[in-house]
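Below are two complexes that have chain A in common, paired first with chain B and then with chain C.
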Partner chain A sequence: MEPVDIGLWGVPLAILGGAIRVSTPFIFVSLGETITERSGRINLGLEGILVFGAMAAYAIAVMTGSPWLGVLGAAGTGAVFGLFHGWICKFPKVNDIAIGIALMLFGSGLAFFFGKPFIQPSAPDLPAISLGWWSDIPQVQAALSVNVLFLIGAALAFALWWAFRHTRAGLIVRVVGDSSDAARAMGLNPDTVRLLATAVGGAFAAVGGAYLSLYYPGSWNEGISSGQGLMAVALVIFARWNPLGCFAAALLFGGAGALGPALQSVGVTQGYYLFYAAPYILTLAIMVATSSPGRSLAGAPGELSITK
Partner chain B sequence: MAKPLMINRRRFLQTTAMGAALGVAGTSLPLRRAFAADLTIGFIYVGPKDDYGYNQAHAEGAATLKAMEGVTLVEEENVPETVDVQKTMESMINLDGARLLFPTSFGYFDPHMLAMAAKFPEVQFRHCGGLWTEGKHPKNTGSYFGYIGQGQYLNGIAAGHATKSKKIGFVAAKPIPQVLQNVNSFLLGARSVDPAITCQVIFTGEWSLAVKEAEATNALIDQGVDVVTCHVDSPKVVVETAAGRGAYVCGYHANQAPLAPEKYLTGAEWNWANVYKMYVTKLMAGETLPNFTRGGLSDGFVKMSALGPAVGEAARKQFEGTLAEIMKGGFAVFKGPLKDNKGNVVATAGQSFVETAIELESMGYLVEGVLGSTS
Partner chain C sequence: MSERASPSAGAVEWLARRAEAFVLPLAALIVGLLAFSVFLLFLGKSPLQLFELMWRGGFGSWFSVQNTLSRAAPLLLSALCVALPARLGLVVIGGEGAIVLGGVAAAAAGYALSGAPAFVGIVAMGLASMAAGALWIGAVGALRHYRAVNETISSLLMAYIAIALMNHFVEGPLRDPASLNKPSTHPIDPAFAIGDIPGMDVHWGLVVGIVACVISSILIEKTSWGFAARIAGGNVRAAQVQGLAVGPLIVGFCALAGGFAGLAGMIEVAAVQGNANASIAAGYGYTGILVAFLARHNPLAIIPVALLLGGIDASGGLLQRRMGLPDATVQVLQGMIFLVILFSETFYGRFKAFNPDLWQRRR
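Presenting the complex of A and B:
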């Protein structure tokens, strides 16, 4: 099919396409971190888990030929890392932030170590669903070729939002996150709940990594993440611990990230370093606009070590 | 319970003394021995050495040294362009006894390599891509580089024949002279086929940013670009993304044909083995090493990937004709009249810069026909 000259329409199209293509790792990592933080723990190690997940998914996909096995395997390794974090933090006077930073370095280092032989081979990609069938413009079709993981991520965001409000499991996580004493009075063991919440969070983050290495950009190398896991953890605060907020923030971040290349491609070439900073400027602006001296960090779980 | 972990003072002193003694022996012995027949050489890479790109090209060159008698190779990957590289160099010198170091990444040169060269005057340092200047930089340092712009010019010829939309694209990392020269050469090569061709450049701002490189490639193709090349450390993502969208690709740094066998036209590859062998042979023979080494296709510093199946007969003919011309030496990609894309004259009629022209190494402009800006 011949490409059509779309001119300046390329910019909104790139933002839309970027929001869909780039946001998925942010969605998974921030949803995972929301679960963990709602239970009263911070896991800063998700960046390391993301990188390890990307490596594990790629390696498994190369060896078995099945990208879905890769995603499952990555989720498994992420859960193990999460359990590790949760288990250490169970001990008294352990600082979860420090453990998280250690885990971030450990996960990345381990991924680099095991990932060496997998930089060269090509793994099978995850399938994409074409939602652009209604248009005959190839650019629109390319922008709307949506990966299954993105759809799963979107569904998970809604499911979690509903589950936190309307299910017993959601209530348990919230109670543990807001007050350990209240949870104990209800007969719950906060440590067990947090252990599981961190494990689930780790599994989510690793799936985000699998998306990076198996779909977009679709290859494993040591610079694959460039700090996306850390940004996603920050997005959780930005989204006020709300799964739907995480989804929206991830879309915003993906779209804003596509702005720099798209503007250069249509001829706005001056100051591209500034456009590349767009997502961060946007985050700062919204944080400043929504914060107030009266009610700081609305929605923050009461047991978080940063708010206690 | 904590008994096994307890270390008494005497034990502690014994082990640390032993460690220190070993450390001293480790630093002094190889250095003294290194002046005999054998030679330890250190290679430092900014990324993984199997990245289908810049680092792989260097590592392939380094690997050929292993076959040489009396040569020991020490390598370290993923060393950032920060004070980390100074630590790496220091440990290669002190612990491994390296006498010749190749810090291969652009940002290693100033201040890191220069600082180490001042500290270890007996060790030789050769940097890839830096502009070594007589009188300004120490005698035990130097730089080597290849005129790979010629390769991008040939890439441009293949691209000029392959493009239907008359738009070709370039994913570039940073607007430094080497990159700008490649962008300009790529367009000039294509314009030697059809002067109506334009080249859209997108700068990502970093040597290795997989997601941004993929976004840049998609943005180019959305604007109708149908041949893409790049100058980033690992072209793998650009090549796979472009071929996935149905565009043709020209390679860079190393051979990426296996990643897109149908869409790969040709590629400009480094051929560092000759350069590294030259340095090592000279050093082992006790000769002084050159401080400033440059070479192009005709010197065997650069080579081209084999032409892909999508290259037509006319393209093949012009490609091979120009290649033969370049192999004679003295070929000028940049010749007047030539303007930059802001309208300033960069070469007057009759003026030409042959590959060896030192002006080309401080290039700060994009030529007319390149859509993009350097800042």
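Presenting the complex of A and C:
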């Protein structure tokens, strides 16, 4: 298909397409972190888990020929990392933020260690659904080619939002996150709940990594992640621990991430590297705008160390 | 404790009090190495061979010792970038950003002052790099105190922004058109290059790093600012009630920390690279986090720990060639040590042998 010249319309279109394409890892990581943080723990190591998940998914897809087995395998490894984080943080005086930093270094180190032989071979991609069939313009079709994982992520955001409000499991996670003492009085074991919540969070983050290596950008190398795992943690605070907010914020971040390549595609090359900083600057600006020294954050789980 | 029996009892008590801070990290280090040995055994590699190569690559010969010392120099400074804010209870992990911006600022100053006397050029490069780093990490401290923005996340975001800025300068306004394959800034005047310590193949950056650690130690242990920082690190409210200016204290400590990290960037430019390019983002900022945590944020303890990790770093190439291990091996080992060190925090105060009272009662 010949690209049709659509002039500057290409920029918003590329940002829309980019928002859908780039946001998926943010959706999964931030939903996972929401579950973890709602239980009262913070896992900064999701960045390392995401990188390891990207490697595991790619390696499994190369060896089995099935990208979906890769996604499942990645989720499994993410859950193992999450269990490890949850287990080690239950000991007194062990700092969950510091463990997260260590896990960030360890997870990516391990991913580079085992991922070395998989940089060359190519793995099968995850399938995409074309939602742009109604248009003749190839750019529109490209922008609306939506990956299945994006749709699953969107569905999960709604499901979690509902589950936090209306299910027993959602209530248990919220109680443990708001007050360990209240949870103990109800006969719940906060450590067990947090262990499981961190494991689920790890699995989600690893699926986000699988999307990176199996769909967009769709290859495995040591620079696969540009801090998505970390930005997603900041995004959760911005979204006020609300899964639907996470989904919206992820789209916003995806759009910001697509700004650089979109401008480059219409020939803007001046200050091009600065646009790569856009998502980080946006994250920082949002953190500054939404934090306040006077009051604690609305909707913050009471046991969360990051807001204390 | 007025009934001190004899001078030796006091010595034992002193020893018991300090031994915990020494023995536990050492034990954690050994457990980390053992865990890594198990990891290697699973892969069918010999841990003994690994440790032998690590010794040879890091400390075994005069050549490798000099290599280790050169690598330790930036680690000393980047570890201070974590250790100083930690005294105030802040976990700042974005030292890498201050390093790369310090490097860019130093390269710009070194190019702009071409032809000036060497002393002027070097001092200007050092000041420019420290100013850039201080601005960067000082901003993290200010956001923390005045806007309650989490400093761990903001400092890492700032590091990503700093790397984007570096790419912008190196590929754009400051690019040397002659650097085709590897975009770099214009080279600094060769007269501004930092030379080697006489009799060694190690540049002066090592001395700068050690001096910075000693200054930091004096600042924390012997001055009223250091004392105020320790109070604020223990309890911000209590410090404010005492009338301490917590805000300037936090911003000042963070700015100094960033200044040291910026200086590490200047040393990379002036002693190693000769200009600023993507190689100055070599990950020293991240290894520095581990150094600071291993040293329990004690500036003097940073010196031996930086040498140890510099040695592990230096042996990476040898491990790759002799054992066919990927270059990430060192990172895996560092990650394992880091996790065990953090886990060991739970054992402080749990062992009776480290309790000074026990030694008193026995007497």
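As a convention for this text, the second predicted complex is superposed on the first by the 277 of 308 C-alpha atoms of A that agree within 3 Å, B and C clash if a C-alpha of one lies under 4 Å from a C-alpha of the other, contacts with A are read in each partner's own complex, and residues count from 1 in each chain.
Just so we're on the same page, a residue touches a chain if its C-beta (ideal position, glycine included) is under 8 Å from a C-beta of that chain, and two chains touch if they have at least 3 such contacts.
Keep in mind it's a predicted model, so treat the numbers as computed, not measured.
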{"item": "Touched partner set for A:Trp87, first chain B, second chain C, both or neither", "value": "neither"}
{"item": "Which of chain B and chain C A:Trp68 touches, first, second, both or neither", "value": "neither"}
{"item": "Contacts of A:Pro261 with chain B and chain C, given as first, second, both or neither", "value": "first"}
{"item": "Contacts of A:Leu44 with chain B and chain C, given as first, second, both or neither", "value": "second"}
{"item": "Chain B versus chain C as contact partner of A:Leu230, first or second or both or neither", "value": "second"}
{"item": "Chain B versus chain C as contact partner of A:Ala142, first or second or both or neither", "value": "first"}
{"item": "Which superposed partner A:Leu103 touches (first chain B, second chain C, both, neither)", "value": "second"}
{"item": "Touched partner set for A:Val22, first chain B, second chain C, both or neither", "value": "first"}
{"item": "Chain B versus chain C as contact partner of A:Ser219, first or second or both or neither", "value": "first"}
{"item": "Interface residues of chain A shared between complexes with chain B and chain C", "value": "112, 116, 226, 271, 273, 276"}
{"item": "For the chain B and chain A complex, residues of the former touching the latter", "value": "47-48, 50-52, 78, 165, 200-206, 208-216, 218-224, 226, 234, 236-237, 240-241, 245, 259, 371-373, 375"}
{"item": "Chain B contact footprint on chain A (complex, rising order)", "value": "3-6, 10, 13-14, 17-18, 21-22, 112, 116, 119-120, 122, 139, 142-143, 212, 216-219, 221-224, 226, 228, 257-258, 260-262, 264-267, 269-273, 276"}
{"item": "For the chain A and chain C complex, residues of the former touching the latter", "value": "44, 88, 91-95, 97-99, 101-103, 105-113, 116, 226-227, 230-231, 233-234, 237, 271, 273-274, 276-277, 280-281, 283-284, 287-288, 291-293, 306"}
{"item": "For the chain C and chain A complex, residues of the former touching the latter", "value": "91, 93, 143, 145-150, 152-154, 156-158, 160-161, 164-165, 167-168, 171-172, 286, 289-290, 293, 326-329, 331-332, 334-336, 338-339, 342-343, 345-346, 348"}
